[in-house]
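Residue numbering begins at 1 within each chain, and the chains themselves are lettered A, B, C, D, E, F, G and H in the order written.
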Amino acid sequence: MGLNVYLSGEIHTDWRERIIDGAQGLDVTFTAPVTDHAASDDCGVEILGAEDKKFWHDRKGALVNSLRTKKGISDADVVVVRFGTEYKQWNAAFDAGMAAGLGKSLVILQPEEHDHALKEVDAAAQAVARTPEEVVSILRYVLTGSLPG
Amino acid sequence: MGLNVYLSGEIHTDWRERIIDGAQGLDVTFTAPVTDHAASDDCGVEILGAEDKKFWHDRKGALVNSLRTKKGISDADVVVVRFGTEYKQWNAAFDAGMAAGLGKSLVILQPEEHDHALKEVDAAAQAVARTPEEVVSILRYVLTGSLPG
Amino acid sequence: MGLNVYLSGEIHTDWRERIIDGAQGLDVTFTAPVTDHAASDDCGVEILGAEDKKFWHDRKGALVNSLRTKKGISDADVVVVRFGTEYKQWNAAFDAGMAAGLGKSLVILQPEEHDHALKEVDAAAQAVARTPEEVVSILRYVLTGSLPG
Amino acid sequence: MGLNVYLSGEIHTDWRERIIDGAQGLDVTFTAPVTDHAASDDCGVEILGAEDKKFWHDRKGALVNSLRTKKGISDADVVVVRFGTEYKQWNAAFDAGMAAGLGKSLVILQPEEHDHALKEVDAAAQAVARTPEEVVSILRYVLTGSLPG
Amino acid sequence: MGLNVYLSGEIHTDWRERIIDGAQGLDVTFTAPVTDHAASDDCGVEILGAEDKKFWHDRKGALVNSLRTKKGISDADVVVVRFGTEYKQWNAAFDAGMAAGLGKSLVILQPEEHDHALKEVDAAAQAVARTPEEVVSILRYVLTGSLPG
Amino acid sequence: MGLNVYLSGEIHTDWRERIIDGAQGLDVTFTAPVTDHAASDDCGVEILGAEDKKFWHDRKGALVNSLRTKKGISDADVVVVRFGTEYKQWNAAFDAGMAAGLGKSLVILQPEEHDHALKEVDAAAQAVARTPEEVVSILRYVLTGSLPG
Amino acid sequence: MGLNVYLSGEIHTDWRERIIDGAQGLDVTFTAPVTDHAASDDCGVEILGAEDKKFWHDRKGALVNSLRTKKGISDADVVVVRFGTEYKQWNAAFDAGMAAGLGKSLVILQPEEHDHALKEVDAAAQAVARTPEEVVSILRYVLTGSLPG
Amino acid sequence: MGLNVYLSGEIHTDWRERIIDGAQGLDVTFTAPVTDHAASDDCGVEILGAEDKKFWHDRKGALVNSLRTKKGISDADVVVVRFGTEYKQWNAAFDAGMAAGLGKSLVILQPEEHDHALKEVDAAAQAVARTPEEVVSILRYVLTGSLPG
């Protein structure tokens, strides 16, 4: 058994690297959105031409990014969604909802301070983790049956 | 043609009432989550027994509420999601994602200040409205072909 | 047995009326797009605000109209698509493709001059009719077993 | 992440070659319809026997071609649909509709002169490109996060 | 609980009438193909114009009839398929296969002499009945819990 | 909003009656298996003829009962599964699994003594109740927003 | 592009070998039912124990064979169904119906004498071939665009 | 043709090893739940933190295990479910129900003493086997057409 895991959400800390590093040796394929903030914001107009209005500038970029997001989530066995301590992060919650709507397994990675605000998202998830290392432990256990320690 | 419309999101202003009132005479059936904040938070433990930990208190409630949310979204032709100016509102974005994952039509009701943060959600929607009255105009047009003014 | 029939395509002749009139007394529910050309083109900006660029003017309108189109096609048992003698009519062919993708039964109403250009569309259809009256005869036969004459 | 891309539409210019050449080095698998016009028109009768009527001649060919089209679209992550400046191109719009009905991501490649006529198709797409090179840039960005220039 | 039952297969004996009569008083809605043999064979050419070749004569009719068959089977909770003692009856077996492919419950009504030849069809069915009265007993039991005698 | 609720599981106590009575006045439609134990065991052979082997006697009955079970679960918004204190009750757990596989909401009604043995079933459920009255409270809250007491 | 092709139907002539031989060099994976008539009839009782009644003897075998048939059809892009000149062949028509219900492409291989009896099956197919060599030509054209001669 | 087989159920005897050993040389990929009883019970709290209540201790573990179970069943062509002679084994019956709800082929491995209690589960299965060796024989026959002896 191998797992295809999509890493959605926060792009300003190294949580993805810590999970990918920790999972070395496991049969996991990771995918993720483009995490270069500027490229992600401007991809639409950079490729398809400038827009006067910020609204359509954003729309073009979001639609181009959705080509990757949709592919990543659709192919995933497990979607891990990270909520950080800053920003609105509605795209993270949107990805979690889409994953739930498509019947994917969900793991949410969040600090305790968000527990109440994320209760609906967590209720659709198979696990709520606090650290990237816990996510790695879940993946290792699911694939090998080994527990930490 | 009639429409089944689920009204998701913010529960602290009268936007649902304004849409429902405005749509009188149209063939629309509205559903919505329980909008009594205290009941919504405590339904799990009130019905199924208290929990020591807030985390499981929230989980029980969120799961019971999901019975209604899932039914409402699954039966809807159109899901309207309102983002207000306060709170995290991750459950609203989660509902939007679930609606998208289930192939539902989406209308997002949001203030301009959220445009950038909601660009991924908006890109999955058929309309981004600024007022409940615009949502009513959309429903009227879709059902009757009549435009305002 | 009753049928839900969506009437897609050309909006400049009276073919829809002739089908609806001819089908009186049969257990058929008809739906259709908004057929007021000006309203259909401008609904997006009339309701949600003007756009400088014609491209986004059109986009807003097309997305609002898709709320109705999607509902109509999704609920239909049979989608009738009319190709007239003028205009590009790519939205008609798009509706036919969507109907096929959703597994709906298709009836195409077209003049002989379009036979070669429509061969891929026709090949996905259960019938290719030449007149609205033939469509009515199909609906009557399917519902009652009665043939004309 | 790799992408399976179906290239639908116009068969009289070199747009497919320009996309395939431009995408060299990317993890993309391309599929397309048979682009030999004569073979595509006559495949049905050449293999399965002649027909007196052009209508059934066309039907047999369109059905045989649909074996390839359906496989290509069903397996695709992204369907690129090219509208040129000539011909009816209803099969291109039909493919776009089928792709939308099956929940595929869509990129439309079209000249500006078709913008109004294609507005319903474009509204279902994740991108509207003007040149094959823009399509290549989209594929490169989606797969690698790199923007042109 | 009510049941929607499609009665497929043999059209030369009164088995449908016996089931419909026997089920009076039960909450069952019955649908069936057109059982007028001549109308069923000729509906295509009668409505849409004559064909020189019998093959296309038959094709046009079969496609028009499929509008009704598909609707009947798609809406059914239970598909009853009757195999008589004469004719090839491949359309009956085809309907059974389609019903199985769509996840419908199946009841097969057949004489013992066909048991071996129908073993694959029977293995996909919830019941193999010998008489229309047994089918009625099944419907009565499923809806009311009452057994005969 | 109305709910269609299937009541699966134990047939030897009055839990179904207590739920149905308690839910009077709510917009709920209840369905359930045949709860007459003898009829349920013997329906296959009573209708379709005796079998020498108990194994096939049971098979014929189980298949006939599945016509009702499948219809009930497929149409349900919520499946309530009751585990009592006696018997194997594998059909109850099977129904719960089928409901989960079909994406239905689940409520499990069980005594505490079964908590460990039912942990996988409970983990797929939206609520674990101890009494029929708690199930009624859930239904009332989901439909009206009212909490007990 | 490669194709997965399931070869259903007649097991007494060499049509499968002729297709497989003719398709050498093409990117096609073929699957088929067990074509050893005795093994196919007796597999159930040989593996799982004898039955007194022929009806259950047949049932056990048909269910075991359905493990292979279902896998083959579910994985197929194209289902080829051969109707020969002898036997009832209801399992062939059943496979065709199941393939149609699952949205698979269908090619029917049949002698002219069966054209009228197979008209409903043919109407769901993309091609009706007369010889195994025509089926090979279809596969070659679909995969390579090359026509015979 | 290769098969993906999920081995669900009893974890206290060597039935999985006997099937896997017996199937050596066949094109079968086996998956299974974590069969280390202690790890399976405690994985949730070991990875994600201790719980005071056994109920939530169990819930966390069951949810983590469901990541593996869901992946295994979703990818399987055939789900084999073993019922032993001890314990409640409701998770085994739940897996069987989920497999049936997802349209998977089912093989049940059970002692005769459970035949009556498992009749609903068996009625959804393609085979009821008594020994692991019979399961191997089924897999060998399905893949190669060879019968034992």
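Everything below uses one rule, namely that contacts are C-beta pairs under 8 Å (C-beta built on N, C-alpha and C of every residue); 3 or more make two chains touch, one makes a residue touch a chain.
By chain, UniProt protein names: A, B, C, D, E, F, G, H = YtoQ family protein.
Please read all numbers here as calculations on a predicted model, not as lab measurements.
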item: Shortest walk length in steps over touching chains, chain D (YtoQ family protein) through to chain G (YtoQ family protein); value: 1
item: Copies chain H (YtoQ family protein) and chain G (YtoQ family protein) - interface residue numbers shared by over half, same or different; value: different
item: For chain F (YtoQ family protein) paired with chain G (YtoQ family protein), centre-to-centre distance based on mean C-alpha positions, whole Å; value: 40
item: Chain A (YtoQ family protein) and chain F (YtoQ family protein): spacing of chain centres that average the CA atoms, whole Å; value: 37
item: Chain A (YtoQ family protein) and chain B (YtoQ family protein): spacing of chain centres that average the CA atoms, whole Å; value: 23
item: Contacts with two or more other chains, residues of chain C (YtoQ family protein) listed in rising order; value: 63, 66
item: Interfacial residue positions of chain G (YtoQ family protein) with respect to chain E (YtoQ family protein) in the complex; value: 54-55, 58-59, 61-63, 65-66, 69, 83, 87-102, 114-124
item: Chain E (YtoQ family protein) - residues contacting chain C (YtoQ family protein), complex; value: 31, 34-36, 39, 42-44, 46-49, 60, 63-64, 66-68, 70-72, 74-75
item: In the complex, chain G (YtoQ family protein) residues that touch chain D (YtoQ family protein); value: 1, 3, 77-78, 105, 107, 125-130, 134, 137-138, 141-143, 145-149
